[in-house]
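The structure under discussion appears below in the form of structure tokens.
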Amino acid sequence: MTVWAILQVLVLVFTVVSAALAVWLRDLLAAALALGAVGLFLSLAFYLLLAPDVAIAQAGIGAALTTAIFILAIRKTRRREEEE
Amino acid sequence: MRRVAQWTATAVLAFAVYLVLATFTGPWGLWAPDELLAGLVIALVVALATGMFVWARGDWRVLQPKRWLLFLVYILGPFPLAMAKANLDVAWRVITGKIRPGIVKFNPNLKTDLGRTFLANSITLTPGTLTVDVDEGTGDFYVHWINVTNESPTPEDVCGPFPSWARRVAE
Amino acid sequence: MNALIYALLAVGTVFNGLGALALIRFPDVYTRIHGATKCTTFGSIFSLLGVAVYGIWQGGGMGGTMAVRAFLALIFLLLTNPTGSHALARAAHRSGIKPFRAVVDRLEEKK
Amino acid sequence: MSVVVRTIARMLVPVGLVFGAYVIMHGHLTPGGGFQGGAVAASALALILVSFSAKELKPVKGLLSALESTGGVAFVVFAFLGIGFTFFANAIAGMGGLFGQPVDYGPNPGYLNTSGTLPLMNWAVGLKVLAGLGSVVLLFALFGEGEDDR
Amino acid sequence: MTRWLRLAAFLVVAGALLLVAGQIRRFGEPRLAEMDLYFNRYSQDEVAANNAVTAIVFDYRGYDTLGEATVLFAAVVGVALILRKVKK
Amino acid sequence: MIVELGFGAAAVALLAFALVCTIRLAVGPTAADRAVALDTINTLVVATMVVVGAAFRLVVLMDVALVYALLSYVGTLYIARYLEGGSW
């Protein structure tokens, strides 16, 4: 186990945990926040795989624009997810 | 005339940012001529697009070199000291859990936007205080203080010498 | 020189950890913002300074660029971090979260 | 937002635009390129939107849609430059002169006028992405604000 | 009942994926590496770009980028169409 | 891959602290708590990116960290503005 492998495993675990949170949370604002965390860790995963082009694209889209569009959409609709 | 001055100042600052981004591209650690040309064009376009919106009233005084020197002294001297103190303070409070929080109000008598921003960010990074709101009409600062010793404090009680520094540097 | 770099990295890591710990231990939003902002900003300063020193002393050909990038990231963090915290604190107060066991709340009195 | 956020946004919007332009400009030398730089610059537009109000950017809407069409058309035109060989062939790379010195192997920053049509295509795609993503965020923010005509 | 069914389906799919994951080659050693080797070797000479990714995106795979630009355009048109002002 | 072991160890430690923040992101009672956690994770990840870039001795990687340091703040501002309520 090199340091690199440990880093990759940690980042993948974080990505999966954040994605599960984004599905699990009922508050849509919190889900959007968790989705922001997913983008963050995904960008870090690409970074560790030495793919900086993809990492910059993921950072630029995921850090600001995705969160912005989701929150603008939540503002125009409802914040809580409805029970089935 | 005023608009031309705004554009020029913005273009110079944008060019400086580009140069910092593109360091060590040419011979002897300087800039390649291509980079200089491209940076100039980009700076001009960006300045044309955002020049009239960057400068608020009273921001011109920041352009004096004397204030840059004072800012350098500030960022190297009192500010890191206060930050170190702030972090040790937070460490102590994290471990012991002793807090006595509250939101207090004080008026440091700052007029310009830049001065208020400077003071607010300094307050947020220094011991035990966090700017919650700034009243734009009267200039009152509402500060969340983690260890309230005085319910109607003077500016010096909350943040020490920072208001005078803000006045000297940014106003 | 290696000792200096490792010391800077260690100090930065310790303060970052303190910030994360503060996020868990403090009781309400405002105190959490206190801990998180101050400690992570301070710790990141040390980490990035370690990288800058490493770039200048041992980076080889691209070391200078590395140092410049680290300093730029440092400046961006110093500009944006306290501002984001201020925006969050203000939003929390406006959305009606009361400070935990506050002895005084002048902003509430103003409204 | 408060005065602190607005002042910092005033300082950071030109920096974001310059940084986006830097990423586009160095697309053929360092990581980055048209899409990435356009996204960074569009985030600067989103910063204006959130710190001030959406009405500040309303006059820019026509300019943004014009920029998007210009970028798309320019991209296809630069692709047609290689029509003697194949579509999208980099015809003017390594020609010498203004376009394209041949490059050495390995990373060598600072030689901006290399690689023929690639920087031009980067700029076309960058403008297109900037205008496209910026107008998406702007339309989302403007939707349902008042009765005035959009 | 449906809950158990869902759980069973999840377990079957996850097990199949794990089974396949044991079989794949190591990361960074794909079976068909001819194109990779070609790009690594010749992209700097043919396209004269230091960043091989940009060379691939805008030269070797230019049609993909054209399609991507079309997709972005379609997305913007869709947003503008949905969020327009409806005239009564 | 990792050239400098000290930097690698620091990166692992910083990511482990991000785990602690993820707990706050999961349990935080109000949305403001979660936003603070996300902000902290942003800072930690920027530091991690720079440190890993130094560990790889690759300066071209550091642009990503710059992009994140500049842009993560925009997302935070959107959340704050939504929480503030009222008209924009």
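So that you can tell them apart, the chains are marked A, B, C, D, E and F in the order they are listed, and the count of residues begins at 1 in each.
Here, a contact is a pair of C-beta atoms (placed from the backbone, for glycine too) under 8 Å apart; a residue touches a chain by one contact, two chains touch by 3 or more.
Everything numeric here is computed off the predicted structure, so don't read it as measured data.
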item	value
Smallest count of steps, each to a touching chain, taking chain B to chain F	2
Farthest chain relative to chain A (centres taken as mean CA coordinates)	B
Separation of mean Cα positions, chain B and chain A [Å, integer]	31
Mean-CA-position distance for chain E and chain D (Å)	22
Centroid spacing, where centroids are CA-atom means, of chain D and chain F in whole angstrom	25
Chain centre separation (chain B, chain C; CA means) in Å	15
For chain A, residues contacting two or more additional chains	52-53, 55-56, 60, 63-64, 68, 72
Chain D: positions in contact with at least two other chains	1-2, 4-5, 8, 11-12, 15, 19, 23, 30-33, 35-36, 40, 43, 46-47, 50, 107, 109, 136, 140-141, 143
Residues of chain E engaged with two or more neighbouring chains	51, 53-54
Of chain F, residues touching chain D in the complex	60-61, 63-64, 66-67, 70-71, 73-74, 77-78, 80-81, 84, 88
Complex interface listing, chain C residues touching chain F	5-6, 9-10, 12-13, 16-17, 19-21, 23-24, 29, 32-33, 36-37, 40-41, 43-44, 47-48, 50-51, 54-55, 59-60, 62-63, 65-66, 69-70, 72-73, 76-77, 80-81, 83-85, 87-88, 90-92, 94-95, 97
Of all residues in chain F, those that touch chain A in their complex	1-2, 5, 8-9, 11-12, 15-16, 18-19, 22, 25-26, 28, 31, 34-35, 38, 41-42, 45, 48-49, 52, 55-56, 58, 60-61, 63-64, 67-68, 71-72, 74-75, 78-79, 82
Interface residues, chain C side, partner chain B - complex	15, 18, 21-22, 25-27, 30-31, 33-35, 37-39, 41-42, 62, 64-65, 68, 72, 79, 82-83, 85-86, 89-90, 93, 99-108, 110
Chain E-facing residues of chain D, complex	27-31, 33, 35, 68, 72, 75-76, 79, 87-90, 93-94, 100-103, 105-109, 114-118, 121-122, 125, 128-129, 132, 135-136, 139-140, 142-143, 149-150
